[in-house]
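Sharing a structure, written as structure tokens. Questions coming.
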Amino acid sequence: MSAVLRNEPPVRPEYVLPLLPAPADAAPRPYPLALRLWRSGWPRKLVLLAVLAIVWELAARWAGNDLLLPGFVQTARALGDGVVSGELPRYVGVSLWTLLQGYAAGVVGAFVLTTLAMSTRIGRDVLETLTAMLNPLPAIALLPLALLWFGLGQGSLVFVLMHSVLWPLALATYAGFRAVPETLRMAGRNYGLGPLAIVTQILVPAALPAILSGLKIGWAFAWRTLIAAELVFGTTSGKGGLGWYIYQSRNELFTDRVFAGLAAVIAIGLLFEHLVFQSVERLTIRRWGMQR
Amino acid sequence: MSAVLRNEPPVRPEYVLPLLPAPADAAPRPYPLALRLWRSGWPRKLVLLAVLAIVWELAARWAGNDLLLPGFVQTARALGDGVVSGELPRYVGVSLWTLLQGYAAGVVGAFVLTTLAMSTRIGRDVLETLTAMLNPLPAIALLPLALLWFGLGQGSLVFVLMHSVLWPLALATYAGFRAVPETLRMAGRNYGLGPLAIVTQILVPAALPAILSGLKIGWAFAWRTLIAAELVFGTTSGKGGLGWYIYQSRNELFTDRVFAGLAAVIAIGLLFEHLVFQSVERLTIRRWGMQR
Amino acid sequence: EGKLRVAQQFGITYLLLNVAQDQKLIEKHGQKQGVPVSVEWVQLSGGNAVNDALLSGSIDVAGAGVGPLLTIWDRTAGRQNVKGVASLGNYPYYLVSTNPDVKTIADFSDKDRIALPAVTVSVQARFLQMAAAKRWGTGEYARLDRYTQTLPHPDAAAAVVAGRTEINGHFATPPFQEQELAGNPKAHIVLNSYDVLGGPSSGTVLYATEKYVKENPKTTRAFIDALAEAADIATKNPELAADAYLRVTKAKIDRAFLVKILKNPQFQYKVAPTNTYGLAQFLFQAGAIKKQPATWRDYFFDHPALASGS
Amino acid sequence: MNVLPFQVVPNAPLLRAQGVTIEYPAAQGVVQATHDVSFDVWRGDRFVLLGPSGCGKSTLLKAVGGFIAPRAGSLQLDGRDITGPGRDRIVVFQEFDQLAPWKTVRQNVMFPLLAGKMPKREAEARALYWIGKVGLSRFLDAYPHTLSGGMKARVAIARALAMQPEILLMDEPFAALDALTRRRMHEELQALWEEVRFTMLFVTHSIEEALVVGNRILLLSPHPGRVRAELNSHQFGLHSAGGAEFQATAGRIHDLLFGGGDVADEPARAVQS
Amino acid sequence: MNVLPFQVVPNAPLLRAQGVTIEYPAAQGVVQATHDVSFDVWRGDRFVLLGPSGCGKSTLLKAVGGFIAPRAGSLQLDGRDITGPGRDRIVVFQEFDQLAPWKTVRQNVMFPLLAGKMPKREAEARALYWIGKVGLSRFLDAYPHTLSGGMKARVAIARALAMQPEILLMDEPFAALDALTRRRMHEELQALWEEVRFTMLFVTHSIEEALVVGNRILLLSPHPGRVRAELNSHQFGLHSAGGAEFQATAGRIHDLLFGGGDVADEPARAVQS
């Protein structure tokens, strides 16, 4: 430290100010529209999507092999045709309905498992062991069980979907639950909440960031599984979903339709991410200051 | 409130005690061996595994259909044969090696993506958009790309594995990063840490519970994908892995071998869960009081 | 020249390839042609993976059903121009049912579920449609589709052998059909693909891109010659073929059972395509392919060994 | 909300701690937080735990709250062992994160009331009353993360007071408050006590606060906490702060705590205030 | 560690806040935390921010730390605008969770030293020294979650002091400490200041502490924080607490803060102490 700093700070005169009236808190001043739009993320993401589309198109042209990798334009055309003919929306509808059932089953299962795990030691052992055992199992392992228990069709599909949602969601939720601050948990117990109420009223909201990321992962894996599983079983002719559409197009080497089907998956994924997950985040954890 | 309570508490005499010497902190008194073992979880989990095995065996006997659902005993025998003949360990070795490569690639990718996302707004847009778009895509969507870029074999497998690890891990990590308390982040910035150092020295340890759950999920899905993808990408001259073994056994209607292969997956999953993940948890987040 | 990557799928229908590999016939015939051939054998599952591998240049010759050949021929016309190289022999596909009431395809009802590797698009599904078209008229070809159900062969076979599930029918492929017939006393043949097509017909074929065949005429020739010799061996000496199969595929199937299957008089080991044009025409009528082949030669490369094809 | 409403035994203490030793397991060995602590709290007491940082005050409070089981000794409430937490003993924790981040100030205060099956309207009215008392009426619908440290502490206080529990366990509730706000809190606490006559166990590190708020003070030694003395302070009230007797008692407590006997783990400098 | 080591301008203040208004966005509207606050801090000052709970003290400190940008007005350090956080201004936050839970006490104190490229041995020696000063030598290898509230606060203080920063920003660092420990901290702070002559910005809600620790005190009004007065307290030191002048000044500050003018958002009761 330099010697100059050794100087005492100067002694300054004191002063007292009359107290100004407190200004009223203002309503938020809106930013200019353009800036607001840009900050909202939509335009930035649209630009990003456009860039991705261009990269894809260029890559496809460069590969020059449209049976293997059709370009963006070709895919968009196939997608447009599929939508106009009403074929694609129908497939999407079938898939989405199955998906939602399997997803819901998985969410309920994860909730039950993690609740048990938080309440009892044996529940905890069960959860840890079952996730470690069953999570790595591919869907084909479940096929025989599904056939025996549910027979063909919807039931088996829902079962397999549940398998793909349940474990990752249970893992994420469980990790989130266990990271909830001890003080919050103690407060909940202090107010006489029972084990179930502790879970629903303390752990779930406090672990919501982890649960939401689990839900997103589960959602994505449900799609992956659905597309794969609709090919393997559960399709009775004519009543197939998006996976069937993709499989059939692939069998007939209509690769642009395959990609159109996948583009539909992507579009639904983006829609869900923005309409559902991000809205939920904005209304909950972001609002609560639990996430930046 | 009853009237009795209105009474003032009695005035009691004061007292001062001589200060006793402070007892030295003791080393932890070990619990009896049996209790310690039980609490360590191993015996409980072994009992649980035994129960599961019995349930499986009973279910299989009840179904009485060993082509669809062989029992535990039959599977164990097939597993034993496979291990003794050295066939299964070889397949496991091949699969494990591929898996570790794909897993490592996915982890590195997730780290890069989330680091970018925490440092720049465009990185954030990229991460959010890419995960929402690509995560739901089944591996078949990547097949053409993989074939074009890597051809048949190891390269493509690693690519597809990376796809299955990258997105869920990135999602979980990103959610974990964003839930890190603001104060910790501010402390890090206060000490002049750059963006990368903030990530490695503040965000990663602070978000470790979320990251670990992402790693577990990624690990499980890498297995699922591997088993499925080994069939698609095939084997060259007998160098297949576990997925191929399962596929071939399935084609030959040796359902017990199929289940033996799956049992190997389960066994590896349990081993990894306990030897790797739970050890890491014990040495880190549990020790740091970040997880119950 | 001199390099050959062959993709095959699982099953007895690829027997000729197994024999050629086991006996090193391609290398032998390459020598005869004056090119040392190095062969790489790739195992893939599913016609789609095979097609993708072929189109991406990861393999040179692909093995799959006649259906996929026609599709890829149709779709690559004017681009890669994929055509057949050789047939892998004629094998009957049986439609097996465990429902005693089902004697012919007309007896199927809502109580029945017929497993197919892929409804409407697999070759088995096409055979079923052809049978329906024959019986009820061309417009009614899709009549049985609603009883069909996608299920991979092994799972379907397990279900048929074991009973206990809704699956009581399976349009299969060797050796699953033989296993079903052997494993479940109630299982019986309802339909034989030979009957649909009016005689023995090729099930599985090999195909390649025009580019490869043009650039590697000698290798291609050596390959086809080798297959022809393998067909010869299989016809004359099924035991040897069975051993080759077991050695190459490391399959655990019982040898005696395998030999019995291979000795099935309906099996014909030959490289010339047989009776494929009927299917091609049907596919065109059903709209599955857009181009009408004038003859079977449209979708096969020329080769003397195939001259007797149809 | 009464514990044993008709069996009140005015001749026995409500809370009885006997030889309470509490330990935490740690990597190198166990850490003793308190050693052989005994004290009695009578119905209506405003009982203060006073001691240096790290002496086990929070630990004792949590044990009474039912969150920690003592390693040795017994903790009895109305003659029965404490086995777990309960609505009869409402705790204000020392940490700021005791508020639910997903609830507004109003919801946070209403939460335990609703959990006790109080009708919504009544809970709301009570919550509003107490939020007003702690001076946060303007922040009714603010989420905790938008509050300052002291404001969070005040919400926690309001939440506990709104419960009007029979036993109130408070862990340095006013540490983050400025002089005036703290004084207002003292007054509110006093007024509520006059009205309800709850029993209070109060942790503080301020000698003055102990004298003003409490009627009886337990002095704990530095780590691990052992009983140093138990003193009366019922003679001091809100307005005695300046008086000579008050100063003398404060000085005496200071000497008891820091002057003689065992010293803190670092050699304490002479205290010269 | 010096900011501009050779350009010291002793005739200008080191830190200059001019018309600083800070706002937080909130759902219903913006919340003004401070309004038009101006003050100058000179090199070597121990400048105290004093004001009621929720008046924006922490907010001001974070703004000086570079974590929040003012909505209006300017904050200048050595003539240049503050644009972000930096190692020249070490902050002790009000929250307990400023310690890294994954580091032991020792590692937590060493962390910023190592981040500044100090050799490991030197960092360790310095950490040990300061951990000793805050009385936690016995807890060197303890993880934060095993510490009491006051112990966590002390680790944060040791960490900041070990940095020997040129500017120290402390937000109610001693709020969770008992009288003796707090006094010891005052002494350590004083000793360090004598040695290094750092500049300090210190938030407290205790008038006595402000007088003892600071040489100049900025009084802020209740929410939103506006400047009420700026007073000198360099005449008071560690040992003046009892004196008459001290008491008089404390009383004056009390009146300025709570007595007249604007009142807190709840009608304040008469203060009678």
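A, B, C, D and E are the chain letters, set down in written order, and residue numbers restart from 1 in every chain.
In this section, a residue touches a chain if its C-beta (ideal position, glycine included) is under 8 Å from a C-beta of that chain, and two chains touch if they have at least 3 such contacts.
Nothing here was measured: the structure is a model prediction, and the numbers come from that model.
Steps from subunit B to subunit E, taking the shortest chain of touch contacts, total 1. Between the contact lists of subunit C and subunit D, the overlap consists of A, B. The greatest centre-to-centre gap from subunit E, using C-alpha centroids, is found for C. In this assembly, C is the chain whose CA centroid lies farthest from the centroid of subunit D. For this structure, the chains sharing the highest number of C-beta contacts are A-B.
Centre-to-centre separation between subunit B and subunit C, using Cα means, comes to 42 Å.
Mean C-alpha positions place subunit C and subunit E at a centre distance of 82 Å. Residues of subunit B in contact with at least two other chains: 63, 65, 68, 140, 144, 147-148, 250, 255, 285, 287, 290.
Across the assembly, subunit D contributes 26-28, 31, 95, 97, 146, 223 as residues in contact with two or more other chains.
Multi-chain contact residues of subunit C (touching two or more other chains): 48, 52, 56, 152, 155, 158-159, 164-165. Contact between chains, using the touch rule, shows up for A-B, A-C, A-D, A-E, B-C, B-D, B-E, D-E.
Those residues of subunit D that touch subunit B in the shared complex are 2, 5-6, 8, 10, 25-32, 35-36, 40, 42-45, 196-197, 215-216, 221, 223-224, 226-232, 234, 256, 261-262.
On subunit B, the positions that touch subunit E within their shared complex are 181, 183-184, 186-187, 189-193, 197, 201-202, 205-206, 208, 284-285, 287-290. Against subunit B, the residues of subunit A that register as touching in their complex are 41, 44-45, 48-49, 52, 63, 65, 68-69, 121-122, 125-126, 128-129, 131-141, 144-145, 147-148, 167-168, 171-172, 174-176, 178-179, 182, 209-210, 212-214, 216-217, 219-221, 223-224, 227-228, 246, 250, 255, 259, 262, 265-266, 268-270, 272-274, 285, 290-292.
Residues 62, 65-67, 84-87, 89-91, 93, 95, 97-98, 100-102, 111-112, 115-116, 143-146 of subunit D are the ones that touch subunit A when the two sit in their complex. Subunit B makes touch with subunit C in their complex at residues 63-65, 67-68, 140, 143-144, 147-148, 151-152, 231-238, 240, 244, 247-255.
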